[in-house]
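Several structures are given next for inspection.
The two complexes that follow have chain A in common; it is paired with chain B in the first and with chain C in the second.
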Partner chain A sequence: MPFNQKPQKFNAKINTVTIGSGDKTVTLGGGSTFPFYTFDAPAENAPKVGVEISDMGLEGASEGIKAYYEGASTMADIAKKAAAMEGADFVALLLEGGDPNGADKPVDELIAIVKEVADAIDCPLVVEGCKNVEKDAELLPKVAEVLQGRNVLIMSEKEENYKAIGAAAGLAYDQIVGAESAVDINLAKQLNVITTQLGVKPQKIVMNVGSACVGYGYEYVVSTMDRIKGAALSQNDNMLQMPIITPVASETWGVKEASASEADMPEWGPQDERGIDMEIMTAAADLVSGSDAVILRHPQSVATISKMIKALV
Partner chain B sequence: MAKFVTIGERIHCISPVIRDAMATRNPEPILKRAKEQLEAGATYLDVNIGPAENDGEDLMKWAVKLLQENFDNVPLALDTANKKAIEAGITVYNREKGKPIVNSADAGGRIENIDLAAANDAIVIALCSAEGIPSDNDERMMYCQNMLERGMMLGMEPTDLWFDPLFLVVKGMQDKQMEVLEAIKMFSDMGLNSTGGLSNNSNGMPKHIRPIMDASLVAMCMMQGLTSAIVNPCDVRLMETIKSCDVFKNNTLYADSYLEI
Partner chain C sequence: MLINRIFSGNDAVFGLTEQAVDGAVKEHGADKAVGFPHTAYCLPCYYAVTGVKVKTLGELKEALGVVKSLMTREHALDDALMSGVATALCAEFIEALKYIDGVQPYEEPCYGHLADSIIREMGVPLVTGDIPGVAVILGSAPTAKEGVELIKSYQAQGILVTLVGGIIDQAQELGLKMGYNVRIVPLGKDVTSVIHVVSVALRAALIFGNVTPGDAASLIAYTSERVPAFVNAFKPIDDVVLAAGAGAIKLGFPVISNETENIVEVPGALIACPDVAEFNKVSLEARNIKIKITKIDIPVAFASAFEGEIIRRPDMQVEFDGSRVDCAELVQTKALEEVEDHKIEVIGPEVDTFEVGSKHSLAYVVEVAGKKMQPDFEPVIERKFHNYINCIEGVYHTGQRDMLRIRISKEAFGAGFRARHIGEVLYAQVKNEFEAVVDKCQVKIYTDPAACTRIRHEVAVPAFEKRDARLETLTDESVDVYYSCILCQAFSPSHVCVVTPERLGLCGAVSWLDAKATNELDPAGPCQVITKERPIDENIGAYEDVDEAVQKYSQGALEHVTLYSIMQDPMTSCGCFECICGIEPFSNGVVIANREYAGMTPLGMTFPEMASMTGGGVQTPGFMGHGKHFIASKKFMKAEGGIERIVWMPKELKDTVAERLNRTAKEVYGIDNFTDMIGDETVATDPETLVAFLTEHNHPALSMDPMM
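Moving on, here comes the complex of A and B:
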């Protein structure tokens, strides 16, 4: 009997969200199939890869990352090199130095860095908060304000601060809102509901549904993304049809497999390679589970994942 | 499983306001009722133009265009005894949000509405009765089989026939209620979709009692596998019950604000 291919068709679509302005933009989402199911329908937009840089510069970066950015002495230099990385679709600026439990940089200082980075590059920009909900509620609305017209994605809108960040980014300054939940399907949906209730258009929202490094409770990430894509497509749940962006690097470079030095763990081999492995494995798993974009740090990871996407789409 | 489909019943020519609006082609009252129902969570809107013997075709076309143009191609159930009017409505119908529903066929004099649905790639509500109320579920299921076979012979997908068990009024037919629920289970076991005028159960009851009876019945029906109902979506208690049952059935993903969407 001949094989009759029957495509799985959904009467639903992931929203299309465009980040960036001018000639250089990236578009996330738009698909109506499960990830990489190109045999069901051609992909509307291939998943995208972002390069993460930090307001803390290259402090704590691995050898390979430092080598790539060699000669870059200012945040502007670092941003330019990140944008020029092979396979990069956008740059993500992590404002980790704002964390009151860390460097606790004042908002003004961070805003100066945001401006410096934004002025240095014309590619689409994503800004991530410092992980502290109170500080982010103060910081990110200001980021949205100073980047007016750039159509940037302001991440780190959480249940605790969605009013401040959602209203500033999504309404007042017309940016894209990144709604963040921590591997909790019900909260992911709830955050989209309350953000749209503020008046933010669903087409202006991207979800960060949380991630983990592979080997660190990662199964929950897969089941969360699976369930979200399933509800978005098969149940046509328009409160879950926002594209998903996943910051991978901030999860993977902190685990011991990536951070332990070769001197401490000679039997594990070179630290840089381990970090790249963790980053690539996690990013690949995120993409096949439903991420429409991943954020990475190492140039080799960025090149590899971007090549993988091109081969699969 | 797909979400429970609510078909809003409030655009009905039995209401004097709507009847007058239809006669004079006055959009406002119709748009107002459509908006209320959609905001309350209706998926489909029923458009009942009555027998409409004189200008049914023109009226149905006008109503379909009016509602779909104003409400983002909202899917509609075309409800009239005038077959030509249903066909005319389908000629201007936009399928973007769902197929049109032909409301309705039965196993008796209105069986040809199945042919109409088949010829127009529409969904049809198939009332499991021929003349009057079926005496038992053997009779109901015989009608169900007849209509299913007719639709399938004409190339319809079985899921495009939405079987109506014929909901019965409690005051007078209290002893028949469990039979209706059993019939729904039989449709469901056959993989079929089902719908019906559920609020018929509470006909003649005091106004404050009806939402309680309707909500209780819809919960029992959804447990049995009912996939849709023709209801008043502005009945808050009923809609809250449907949304909650959709969560229990895993038809929708729970979020704290689930009642608000």
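Moving on, here comes the complex of A and C:
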């Protein structure tokens, strides 16, 4: 009996969201198939890969990452090198130094870094908060303000601070809002509902539905993304049709497999390689589960994942 | 009369505007540029209302014709309000002419036109509620002192205050510090400068509301619903001010005035308030502005870190103990006019007069009022008191209703903590957490023993009895809607609870009233309304509406759920169930095991083994998770014959539910002492012994039809 292919058709689509301005933009989403089901329909927009840099410079970065950025002495230099990385579609600036439980850098200082980075590059920019909801509520509206016209993606809008960040990024300064929830389809949907109730257009929202490093309760991430894509496509749930972006690096570089030194764990092999492995495994799993973009740090991970995407779409 | 005054005010302003525009055209020519600085919206009000950008004097002259067309003269309220809008547009034209040739017509402290960047900056705190409202104060207060006090009262609440006219001189006279950074913005001394705040509201609608310029209906809907502005206009109110006020009312901004002559009140829109000291309260109420409480005014700390704190007898300053003396805690719904917000009264002696280590009566009644408040929410609010009072450093609370106990530590007393501070805490927490339903709240704290006795027996206990009676009479048939609950989907992705009055959530923690309150307080949250308009089979509790809801909330994992059957499409379980009920084939009955029960059941399975078949959002006919309270419900597996099927329960569980279960059995089947017929682990943990016991006691399940 001959094989008779029956494409799985959905009368629904993931929203397309474009980040960046001018000639260099990236477009996320737009598909109406499950991830990489190119046999059902050709992919509208291939998933994208971003390179994460931090306001803390190269402090705490792995050897391989430091080697890539060698010679970069300012945030502007680092940003330029990140943008030039093979396979990079956009740059993501993590403002981790703002965390009151960490370096607790003042907002003005961080804004100066944001400007420096934004001025140094012309590729699309994503800005991630410091993990502290109160500080982000103060910091990210300012980021949205100083980057007017750049059409950046402002991440870290959470249920606790969605009004401040949603209104500033999504309404006042016309940026894209990255709605962040903690690995739960209902929380993701609820945040989208209340953000749109503020007046932010669904087409201006990208979701970060939460992530974990593989091996660290990662099944929840797969099931959440899977169900979100399922609801978006098969049930045409338009409060879940926002594309998904997943910051991978901030999860994977902190786990012991990536952070234990070779001196402490000789049987595990070189530290840099382990970090790359964790980053690549997690990113690959995120993409096949439904992420429309991932954020990575190591040049080798960026190159590998972008190669994987090209091979699959 | 009011309408005629508005028309005449409008006509006067239009006449002046026409003159001014003609004069300007004559002086500068029709091609002369006109507009405000630092805005992308030309003449923002005119652009927002009509969608037309006016850039030259010639176009302004044409625009005047459009304004004229709004000035219909039918003697109707809407005509009057549209004339108000026309008056506002005229004011904008007059103000625009002041800016010709790029001059800066306003000088310190007045701002005049406000730039787009200020609106973008202000928009965020307005959306988050950090700026809870915008006050427009117009004219001269009876005295400078009263005017400044009014301004300061708004400033203290975080409200942005804009000033027009004589009030600016009054504020300067008393040396009030003004400026955008302190949220007091003097606009200008001419009445037409009020348009600069209207311009802010309308540009906010374009920027934040995505309103299309020219779509006047959406524009007005946006300003009415989303811009929490109001006007305080001091007497004398002349026709021009009245006409401008009509424009404000059209945009949804109420006007509060101390003018009493020649004026007719329009409820909710034009409000007379002779006493300026009352302006703040009346204005906030009229505009439905709620002020966030950021700091609770008590001398000790308030945080969840203190929730588990225990105060031992030697550390205790004073104790209130409901098991020994009369105590009570109660929430009561009142009419809006009966409640004075943030009034805290102590009736009886303060704690100072009590001997160290002594025991006393205490009753506190939290009286709440709100447009969306319902008596059904009272117990939901009341249940939080335990948590609120426990979060106070050095204060401990146990129990509820009239069986409460509170201790205040010597340390807290030493820091100045008194009975009235309990009121402060309850006030602040109730206002903050129940903001969606509570508009006003006052607290009465009784420490007088006779008053406590009266409150307990004459107020609180009857209220509790009434509430319990309501719960008893609340049946699935007596309500119009059920609620979904998907709180547990984080770990049980396809589970959906359908919560009805007679079937509470299987965790035992979410009753129908809780779900209703959750829905009201958090409309996009885990509890959503499920209608019951399309029954398929009411006996087994099958509804098209319910099926649609479970399909939707389980993202398609579930298709059909019945409310009352354990065999046909039983309701799923997350894993948090208090009890599991499973079919026992030898007796035609069911066995119930509760989570606390560690032993074996006649099914040959322990609770964890039964749980593995029941949880995770899967439907296993013959097994069902449920709350303890559900056992005595008339709806308990009603489709299969109801509670008559229960043949075995652990003894402890049986004792807990005995009274209610026996009552239901008597009422429905006429059986006395039904629980005596039900086996437990002291009787049997295997089916043969159980059936022998049931036969001996003539258990009704034995003669019923087989379940399978």
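Operating definition for what follows: the second predicted complex is superposed on the first by the 313 of 313 C-alpha atoms of A that agree within 3 Å, B and C clash if a C-alpha of one lies under 4 Å from a C-alpha of the other, contacts with A are read in each partner's own complex, and residues count from 1 in each chain.
Methods note: a residue touches a chain if its C-beta (ideal position, glycine included) is under 8 Å from a C-beta of that chain, and two chains touch if they have at least 3 such contacts.
Small disclaimer: the values here were computed from a predicted structure and weren't measured.
Enquirer: If chain A is used to align the two complexes, do chain B and chain C fit next to each other or clash?
Expert: Superposition result for chain B and chain C: clash.
Enquirer: Which partner, chain B or chain C, is in contact with more residues of chain A?
Expert: Touching more residues of chain A than the other partner does is C.
Enquirer: After lining up the shared chain so the two structures overlap, which partner does A:Lys256 touch, if you call chain B first and chain C second: first, second, both or neither?
Expert: Touch status of A:Lys256: no partner.
Enquirer: With the two structures laid over each other on chain A, which partner does A:Gln235 touch: chain B (first), chain C (second), both, or neither?
Expert: both
Enquirer: Report for A:Gly199: first if it touches chain B alone, second if chain C alone, otherwise both or neither.
Expert: After superposition on chain A, A:Gly199 lies in contact with chain C alone.
Enquirer: Touch test for A:Lys163: chain B only (first), chain C only (second), both, or neither?
Expert: The answer is second: A:Lys163 touches chain C but not chain B.
Enquirer: According to the stated criteria, A:Ser223 is in contact with first (chain B), second (chain C), both, or neither; which is it?
Expert: Second partner only.
Enquirer: So, A:Ala172: does it touch chain B (first), chain C (second), both, or neither?
Expert: After superposing on A, A:Ala172 lies in contact with chain C but is clear of chain B.
Enquirer: Where along chain C is the clash with chain B: 236-244, 290-298, 524-532 or 668-676?
Expert: The listed stretch with clashing C-alpha atoms is 524-532.
Enquirer: Can you pull the chain A residues that chain B and chain C both touch?
Expert: 185-187, 190, 193-194, 197, 227, 231, 234-235, 237
Enquirer: How about chain C: which of its residues touch chain A in the complex?
Expert: 120-121, 123-124, 127-129, 207-210, 486, 489-490, 493, 524-526, 552, 555-556
Enquirer: What residues on chain A touch chain C, complex-wise?
Expert: 137, 141, 145, 163-164, 166-168, 171-173, 183-187, 190, 193-194, 197-199, 201, 223, 227, 230-231, 234-235, 237
Enquirer: Mind listing the chain B positions that touch chain A in their complex?
Expert: The touching residues are 2-3, 98, 251-257, 260-261.
Enquirer: Spell out the part of chain A that touches chain B in their complex, as residue ranges.
Expert: 11, 185-187, 189-190, 193-194, 197, 227-228, 231, 234-237, 239-240
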